[in-house]
Amino acid sequence: MNSTILQTATRYLLPILLLFSVFLLLRGHYYPGGGFVGGLVASIAFVLHSFAFGTQNTMKLIQYKPLSLIPIGLGVAAVSMFLPTFFGYPVMTGLWLEEKIPVIGMIGTALFFDLGVYFVVIGVVLTILFTIALNKEEE
Amino acid sequence: MELILVLLIGILYAAGIYLILRRSMVKLLLGIMLLGNGTNILIFLLGNIIKGKPPIIDPDLKVFTDIYADPIPQALILTAIVISFGLTSFAIVLLKRVYALLGTDDLDDLNTPEEEDI
Amino acid sequence: MLFTVLSGLITSSLIVPFGRFLKTKWGFILAFLPVLLFLYFTKFVVPIGQGSYFVQSTAWVPSLGINLDFKLDGLSLLFALLITGIGACIFFYANAYLKGQKYIDRFFGYLCLFMSAMLGLVLSDNMLLLFIFWELTSISSFFLIGFNNDQEDSRKSAMTALSITGLGGFFLLAGFVLMGNIAGTYNISELVDKVSLIQQHPLFPLIFGLVALGAITKSAQFPFHFWLPGAMKAPTPVSAYLHSATMVKAGIYLLARFSPILGGNPIWMYSLMIIGGITMLYAAFHSLFRTDLKGVLAYSTISALGILIFLLGLGSKEAVIAASVFILVHALYKAALFLITGIIDHETGTRDLTVLQGLRKVLMPVAIAGFLAALSSAGVPLTFGFIGKDLIYEATLHAAPSLFLYLTIAAVATNILLVSAGFMAGIKPFIGRLPEQFDHIHLPYKSLWIPPLLLAILGVIFGCFPGFVGDWISGPTANSILAQQEVFHLKIWHGFNLILLLSAITILVGTLVFISNTPSHKKLVWIATFEKISPANIFNACAHEIELFSAFFTAKMHNGYLRSYLLKIILFAELLIGYQLYLGGPLHIKWDTLSPVSFYEVTTVCILIGAIVLTIRTSSRLTAVVATSVVGYAICLIFVFYSAPDLAMTQFTIDTLTVVLFVLVLFKLPSFLNLANRRTIIRDAVVAIIFGMLLSMVALRVLHEPTTTDISDFYGDYAYVLAKGKNVVNVLLVDFRGFDTMFEIVVLSIAALGVYSLLKLRLKSSDKE
Amino acid sequence: MTLTTYFDYVILPILTISVILAFIRLYKGPQIFDRVIALDLIITIGIGIITVYSIRTSQEVFLDIAMILALIAFLGTIAFSFYLEKQSNDD
Amino acid sequence: MTDITLAILSTIGALAILFASIGILRMPDFYLRLSVTVKAATLGVGLLLICAAMTFPDVSVTTKAIAIGFFLILTAPVAAHMIGRAAYIQRVKTWKGTTLNDLEKEGQLDCRKENF
Amino acid sequence: MIDNQIIATVIVHLFIAIVQLMFWRKSTAQRFLSVGGSILALILAFKLFFKVYDGEILTMNAANWKAPFGIVFVADLFSSTLVLLTSIAGLAVSIFSCVGVGRQRILYGYFPIFHFLMMGLNGAFLTGDIFNLYVWFEVIIISSFVLMTLGGRKSQLEGAVKYMAMNILASTFFLTGIGILYGISGSLNMADLAMRIPKIQNQALVEITATFFLIGFGIKSAVFPLYFWLPSSYHTPPSAVAATFGGLLTKVGIYALFRVFSLLFIPNHFTKELLVILAVLTVLTGAFGALIKTNIRRLFSYLIVCHIGFMIGGLGLYSKWALLGAIFYLIHDIMVKTNLFLMAGVIRQLRGTMDMNKLGGLYAQYPKISLLFAIVLFSLVGIPPLSGFWPKIYLFKDAFQLEKYAFAGALIIGSFITLYVIAKMWAQVFWKDAPQPEIIEDKFAKMIGYRKTMLLLPVIILASASLYIGFNAEAIIHLADRIATQLLDTSPYINAVLGGQN
Amino acid sequence: MIKQFLMNLMLSFIWVALTGSMYYSNFLFGFLLGFAILWIMNKNEADQRYFYRVPKTVSFILFFLWEMIVANVQVAYDVITPKFFIKPAIVKYPMDAKTDLEINLLSTFISLTPGTLILDVSEDKKTLFIHVMYMKSKEQFVSTLKNNVERRLLELLR
């Protein structure tokens, strides 16, 4: 869809949406948001980009295959799930740093877990949508 | 208000069932989605539903001082929504593949006699 | 005793790796296994003859009451000797008979397996252990009958045999378990003490029926007899061993073993006598029309088994001793005749009685064996058969006054026909002129003709010295069956009496029948016209009907249409839920517990309903998608109203993504066709509406239940204090119930992988499977 | 009359009536294009309703939802446009 | 004072939205419906957002409201443009009263390259 | 006692899958990872099994929240046994897959999804939280969807659509049940629920809830009027996949039924009757279907249905012996059914078809393999003293004891027809000469040695397991006895989870 | 220019920090104050664009809002009265805007004004196709649009 208007709008919307998604991710523990919604919004940003510029271009933009985000995300989530066992706690126990960090707030395994969720969601949504889109192009 | 939601649950389930009994695979999918929504509303309703009090602790406080909506059904539904998204997207793509291979979305046509190629 | 059973099992499993050995000229060494076992068992003849018995018990599955309980008494000993003794003959014989056969190793594997199974069966003192061996005999015989497995006939016969005996086996198991339930033990010896408990139990007829079914199927009784002639497809040594001397007698053994427990009542008596009586007459009559040597033998075997069942049913002392003797008599002459048939078949290549004659000229020792065996089967004096027949007549004559006449007539008639059958098998092929085609025949290996000759001669020896057999073998056997201690002395000569007269008549008439009845294919064809109403055909027809029904039922239930499956599932669910709701009593709405209705919520729900209606009614796929997304968005609004911001966000984003997905996929699909007729639509609508109503009612009921909130309160109290988060839903998702989330993203990942492979993977033909 | 009741009895009803009107268009069609823009309008009004509801309940968290809606609702419309632009003559 | 401002603003906003809905229902062709709805609804929601910004004292809410309005202004015209364009490519019929049609004469849209 | 080891198998499979995803498109690495990981999982499963064998019930409070508040994992003997069996079957399938599954499928994620499936199964057995169970079920069904469609052949897709529709419907029932359960009790922890449910005033509502679970799990375990998905789909995927499905998927349904109906909803008279009736019909349905199928995998599919009836019947009788029998049967069935489908896969390698009419001559050509298969088939039939025999005695016993003669009859018919069809299959596939020897496509003969081993080794492993179960029935009976005891007396379970609060 | 804007922003933040009250009115006041200070300080500099543009932007936004309100009222009237006064047309409009940003902003403004809607941009990005609700004559419409909207906008941007 070769629409200048959409393309230009996307140029502005993409960073906004990504920023917004990170915002949602980080605040999830205190306000509505979190890894899921954050990831969904981030992936929507790329989906929008692919509508405007074509999937191939979006793939170029993100450089990596979205599929490879899935093991990364799963890995991050799984490790943050598994980490507490090294400290003698049951799996998934929340571990927190003592100090608060500005902007983000408390840093803990839960946050990393959410980060994993975030990556997985992006990877999943983009894998699904881009595979379909590219498949269509091939057909 | 609960009564209306109860009615809504019934309608969602009924519509879902009606749709999955159709021959079109698209309708099957839509039916599944409606059923999922019905289930979500059901879980939602059967917890404690409370208006305008999200289960978010006030920034200045450490615990709730007021009543608040039951967070458990919300968490459950959230999980369920995401899971059904996964299932639905897979199903949609399956639909696409079936259509590409058989040239139909008529479920009655999914009966090619036994094939050996596996 | 355990080792006797195990030795065969072990040998048979050793044949798997070392089977090649059997193909060498040293293969006959294997036959020393039954010989040694036979010698081992002869050791017990004297003590058991003196009235003692031997038990051995090894724990196996004690919690189920299945132990390796073995007991050697008269009855077991008789069978053990038969199994090992005739087994030894068969092993030698088969080694020669199958020389050069490609699969001789397998053959002996099955045979060893069978032998030990049979030994185990007769030695077991535990019902379930007995059943285990019972099944093993069925299985090993399945392999033996189907030994020539490239021939369809063999396979079919094996199937039939297995079906009948297998079905009987399951009934037997049921009967055993039932008996065990009532008596509280599976140990047979202990059961004997609980006779009254069992026989007075209301389920006794069922128990008896189940056990009897097991026995009569195995022993080829009418109307289950037809598997046995079919089983003649097996190599002749097998027929000789299994289908005359041993396996078919397992049913007899079973009834004999259980007659102290289940016998002695009218149900037992009449049913067994009727079944045995019908069988002996029916089979004996049918033997007249066979032209196949093995066919004649098969039917005469069935008839003989019928006699045994009949005698056991009669159950009197005379009958039991008659049965004990006749088992041995029959085993000796029938095995011999089968082996002789095998030699004839082996040498001439045919078993057709219309062709075979004059073979004495080339196969003299075989002819002698045949002659002796035939005489024994006819019950000519100085053969063991004579003693047997005498005892049978004595038994029938001593039966109750109202019965004895009929019974005797039946016995005489049967025996007359059996005389003819015996002569047909043992004498007919050897008398007359030798056809040219058989000129070239030479006497085969010694190991082929010595075993039948030995067995036949043994028949004569036993006939000459019946007292010895009666004292040491048949007497103890009868005592085991009767569960008593008594001395049975068999004599050659009872003096001139009615029995002798009957014997004479039997032999005379039998001989006449033999002379007048020339075997011919015409008669075979004639008798075959009655096949339509024969049990075999009825069984086949039943099996066919069952298959047709299965096909019908399966096609009806599993008809290939998803919507029909779903409909059935939904209907089932409605039925159950509806019934449970009905049980729950009437439904009252508690208005006071409900929250007030607000305008915007009603509107939202109205729109929701409108969107649902549109989804259902539209004929355009895209409209349906639009409408479904309205449903999603409206639900999102409901989530907003009822304080679920996280849910609303997620629902909204996911709905939008779903729309995108649909749109991407629907690209090329055609619009909906109206594929359902009005009736289907109405039916489905009714089903759907009922389902919806049920769900609403359930929801309403639940709504009126008081809610417990201790757990959500806990979350509210500790979300921040312990889990460091203020959005309780998110804390639940990443902490309290983080495990759900972890594996929910796994679900998502798998879905994505699935989509990826579904769209990208195209198998090359080389990559199938 | 307080502001709350004003919102409850005037503003929210107007908005819900608007949603119903838009939905009627969605239901009627006649073309899928009409439905898509009706959907778009419904979502936009939804943002309005959420905003008002957020004022009504003094829960600013609901504005976050409005924000998400505002940001991504148009994706659906874009997707439909994308589809409709290419589709051959059905629907 | 604030209350009255709020009331006025919200009323105008709500009415704008109402008009958009009436418009979408009443307008005779697709383009007109589209034309009417996008802006009126955006305006209406914008006004309501201003109300929200005024109600909550926090800066965060104000910025949020502004952001929402900004996003709406950013996305709504794009969406309208896209669907309008799609309709035009699919030759969705215009109302009988449409006076002039420059695009039709051009006929340039048919040779567009598909790239998604 | 808090013990992370409980979910060690879950974690192992999760990490294997993730690492395999990182080795995307490296088929050899994935194969090694899979087999190595499966062996590790098996060792861990054994450790867990021996830990709980003496009756101790281990729990792990995920995220360190005490019982009704967090998700708890519980290893009692039932779940540990199933984890162990799953690990054995999983190892076998994993080895088989290295050769039995084509390279293309491996390149597109076969192994990670297989391990996700394994993880899901282990998780489902171990979890003590009803909603978490739902999540595990979803992990299982989505991975089974993907495995079923992997390769995208026409028949696969056709089967998958039906499989999917019905399984999603099952999940809907399950989830609805959870919603209602939460509504009436306010809890999701199963032990906690077990405490709360008897105290609920409106017991009729409890029965209704139970119905939802019955239907949901009933579909999963392919009980009579709900079984349709199974014969529609099990004959379509690659044999390794079919083996996993055939051996394990329906068994999760059975597990869930046993768990839920022993812990949460103690069956009342109606439920028991219902279960027995369903069991009888299930047995008959499966038996009738098996009787007429000529494709061996379709035949096996119906046999699965048939034998599900045995286990459901055991649950319906709800006595100690019947439960013991059903659990013994479950143990036997997992080993045998997995093996059956692996065997079907080997047969396909040998002959290029699974149609009995086209098969033949295996006994003449491959006597030793045939003998191996015979062990499997005999175990299935329950030729004494092989594994299928023992549980039937217990089932018979209590069918008579409780006067459920219909079920006893169904047992006889089901056993007999199993015997019959397997004999028929033996005659057709092994005895008969191949009808068209010229078109036989024997891939197996052309394989190099280690590949042959990789195909046969799993069959041997599972056959040995079956033989062990058969000949050492005493041990298995003891095990099943302990499990049945734990199922009937739930207080140790509840105490272990809730820490003796009651 | 950007430097000045940033400076202005910084000043307003400092103001907020100094006063300690984080309200948007306070921030706005700080911004205006900063603007005034900067204007005075930079009076002698060559580049005065920033100080022209800010008022121009404000006036453009006000103009735009006014346009929007007027047009909305017009449409609203038309919508709620039974008779339609509409005279729709699709017009080809030759743009002066060149960059993507310019085109986008232009079309956004056009689209947001009731009664006009961008249907398409030509391949060569020189022409807009606009759907107009009330069009008396094409020339008048084009020239109004050119002078009132596009010119003002481009002045701001260039």
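First chain written, first letter: the chains are A, B, C, D, E, F and G, and each begins at residue 1.
By definition in this document, a residue touches a chain if its C-beta (ideal position, glycine included) is under 8 Å from a C-beta of that chain, and two chains touch if they have at least 3 such contacts.
These numbers were taken from a predicted model, which means no experiment stands behind them.
Chemist: Steps needed, at minimum, to get from chain D to chain F via touching chains?
Modeler: Graph distance in the chain contact network comes out at 2.
Chemist: Which one chain sits nearest the middle, judging by mean Cα positions?
Modeler: Closest chain centre to the overall C-alpha centroid: F.
Chemist: Relative to chain D, which chain's C-alpha centre is the most remote?
Modeler: C
Chemist: Of all the other chains, whose mean CA position lies farthest from chain A?
Modeler: Max centre-to-centre separation from chain A belongs to C.
Chemist: List the centre-to-centre spacing of chain D and chain G in whole Å, with centres computed as mean CA coordinates.
Modeler: The answer is 26 Å.
Chemist: At what distance in angstrom does the C-alpha mean of chain C lie from that of chain B?
Modeler: Taking the average C-alpha coordinate of chain B and of chain C, the gap between them is 49 Å.
Chemist: Indicate the whole-number Å distance between the mean C-alpha point of chain C and the mean C-alpha point of chain F.
Modeler: Here the centre of chain F sits 26 Å away from the centre of chain C.
Chemist: Would you mind listing the residues of chain D that make contact with two or more other chains?
Modeler: Residues 15, 17, 19-20, 36, 53, 59, 61-62, 64-65, 67-68, 71-73, 75, 78-82, 84-87 of chain D touch two or more partner chains.
Chemist: Where in chain F do residues touch two or more other chains at once?
Modeler: Residues 14, 21, 62-63, 131, 135, 138, 142, 145-146, 149, 151-153, 161-162, 165, 169, 176, 180, 183-184, 188, 238-239, 348 of chain F each touch two or more of the other chains.
Chemist: At which residue positions does chain C touch at least two other chains?
Modeler: 560, 562, 566, 598, 621, 641, 643, 645-646, 649-650, 653-654, 656-657, 660-661, 664-667, 670, 695, 699, 702-703, 707, 709, 711-712, 715, 726-727, 729, 733, 735-741, 744-756, 758-760, 768-769
Chemist: Tell me, which pairs of chains are in touch?
Modeler: In this structure, the chains touch in these pairs: A-B, A-C, A-D, A-E, A-F, A-G, B-C, B-D, B-F, C-D, C-F, D-E, E-G.
Chemist: For chain B, which residues count as touching chain D in their complex?
Modeler: It comes out as residues 51-54, 56.
Chemist: Give the list of chain D residues in touch with chain C in this complex.
Modeler: 8, 12-13, 15-17, 19-20, 23, 26-27, 29, 32, 35-36, 39, 42-43, 46, 49-50, 53, 59, 61-62, 64-65, 68-69, 72-73, 75-76, 79-80, 82-84, 86-87, 90-91
Chemist: Using the touch rule from the top, collect the residues of chain B that touch chain C in their complex.
Modeler: Within the complex, chain B touches chain C at residues 1-24, 26-28, 30, 33-34, 37-38, 40-42, 44-59, 62-64, 68-72, 74-79, 81-83, 85-90, 92-97, 99, 105-108, 110-111, 117-118.
Chemist: Under the definition above, what is the set of chain D residues touching chain B in their complex?
Modeler: Interface residues on chain D, with respect to chain B: 53, 56-57, 59, 61-62.
Chemist: Which residues, counting only chain E, touch chain G once they are in their complex?
Modeler: Going by the criterion above, the answer is residues 15-16, 19, 22-23, 26-29, 31-32, 34-36, 38-40, 42-43, 53, 57, 59, 62-63, 73-74, 76-78, 80-81, 84-85, 88, 94-95, 97-104, 106, 108-109.
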